[in-house]
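Quick one: the structure is below, and I'll ask about it shortly.
Each chain carries a letter (A, B, C and D) given by its place in the written order, and its residues are counted from 1.
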């Protein structure tokens, strides 16, 4: 099983990245195999022929579980994250489980992961169990802020990943 | 394992009902255990204290898989379906897999199951694998219209139901 | 100029109704000409041939400004409101300005008026200036809770109604 | 009165640009004062301190009418367009009328301008009259494809712009 984290914060090494890594760890019990911090790619993320970025798209697409994380800009995910997602094939760009995660300054945009990020992930083939997760960013380092969502979502993730593991063996 | 179909068409015995039953059959290999054709409930569906309707809510909520089906009215699900869904508890009203299905006269509203019906089902606790399904209503009796969606969605449904079955035994 | 308020709370004489009336007053400077408190219609709201309900649909459709108000059920508008909206013609069921208003217990569903109620109102022909308004229901009787939205929205409403008034004269 | 067109197609001089210019012309009777073809900005669009891009944001924000146009990628607007929109201030980044326009290969994503692009434009302060416009891209040079939407939307645009003009004089 391989897992990845994709972070759409324009600033590198953000709280968004910490939160995404925490979610991946809670769902799988170990560190993600791949961390794509989009801010570190520079302008290559805009170049559709860039081989390094295309390789990242392939690796993320083949992962068994991917956490897609973004701060909330204009009540939805960032343009930076969408620029990267635009490179995935419609329908089968993702082959595994996809987790929508967004952080914001207040509760006002809590519906954004479910209503705006999730449909993009299902459009490119992701299987999204449970609800998208929204966190108040000041609580990003408080495990209690994740607990209810994790306990509600992990059973479905286990079922989906369990099946993949048995078919791999 | 128990399965149910909930149909929000104001006319009873509709093409929506046929389509929902077909989807349930394709995903589980047998007839649904419960068919709730909301049009047949009359005004009881508006009465929050009606014992028969409350019993249906409990049965649907406890089912392992439920297909929620609606024609497209005003670019989204019908009020009749929502009146019934309003009775489910937030967060844990559904305990199983939920499938959003909508039928419409043209392709123009294809995004409606994913963008409008699905978030209601996840809000009440449903696990929604894959994308919501939208069908052109004139194709409701053509198995080919369902085939791509069924083959894309069934593996995730199997994984989710398989886990339930093993934990039930 | 005629104005109306439509209230989708299953309980009559609700805080939703007070809030909707307040919004209509703030935008037009006077009481609404028509108040449709859907809870008082009983099961007639489900009967597509009911002459009284159809007459209300006509009156609302012909109004220059209508506030459509709902409590938040399952992260969106109520089924009761949608049952009524389903009776309006697609494209031209509304001929005037439409205002989406929702009340909820916490800030978590603040995006619902804009992302879910508004598209239904535009689908039936309403012109929706500004953003949908979401209120924490405990603040429904505090004019300050409406002030920022009113001052941001009233100029566009004035422009749209001004034009209608001059063409009426 | 000043008008602008913003085009989020990663390829410059696209059909998206032609369509956006056509819409601006139909609504205002003349050529747009400013055309921002985002593909021509290169990596500067990712640089939040770039003075030229920031100047474009100011000019677009101050325009009386702006058409925001995008091809449909992953069932919604492009990341390139969102990268630009992320630079506008929430609430008052736009001071005028905003028109959401999307082009796609089939009718399947017709709801995208209304359900996904429009909420971003209202979030940054735009006044969006009528419905978002979706065009099948092969019809981008057929005036008939725009006609129904233009005749439904122009009266509200006239009312909103008329008011601005009189207050400017």
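Basically, a residue touches a chain if its C-beta (ideal position, glycine included) is under 8 Å from a C-beta of that chain, and two chains touch if they have at least 3 such contacts.
Labels paired with UniProt names: A, B, C, D = NAD(P)H-dependent oxidoreductase.
Worth saying up front: this structure is predicted, and the values here are computed from it rather than measured.
S.K.: Among the other chains, which touch chain B and chain C together?
M.R.: A, D
S.K.: Count the touching C-beta pairs: is A-B or A-C ahead?
M.R.: Spelling it out, more C-beta pairs touch across A-B than across the other pair.
S.K.: How many Å are there between the centre of chain A and the centre of chain B, using C-alpha atoms for each centre?
M.R.: Going by mean C-alpha positions, chain A sits 27 Å from chain B.
S.K.: Once you find the CA centre of chain A and the CA centre of chain C, what distance in Å lies between them?
M.R.: Inter-chain centre distance comes to 37 Å.
S.K.: Which chain D residues reach two or more other chains?
M.R.: 75, 111, 115-116, 119, 123
S.K.: What does chain A use to touch chain D in their complex?
M.R.: It is residues 10, 42-43, 45-46, 48, 73-86, 88, 90, 116, 119-120, 123-124 of chain A that touch chain D.
S.K.: Would you pull the chain A residues touching chain B in the complex into a rising list?
M.R.: Residue positions touching the partner: 91, 111, 114-115, 119, 122-123, 127-131, 152, 155-156, 158-160, 162-164.
S.K.: Which of the residues in chain D come into contact with chain B in the complex?
M.R.: Interface residues on the chain D side: 75, 106-112, 115-116.
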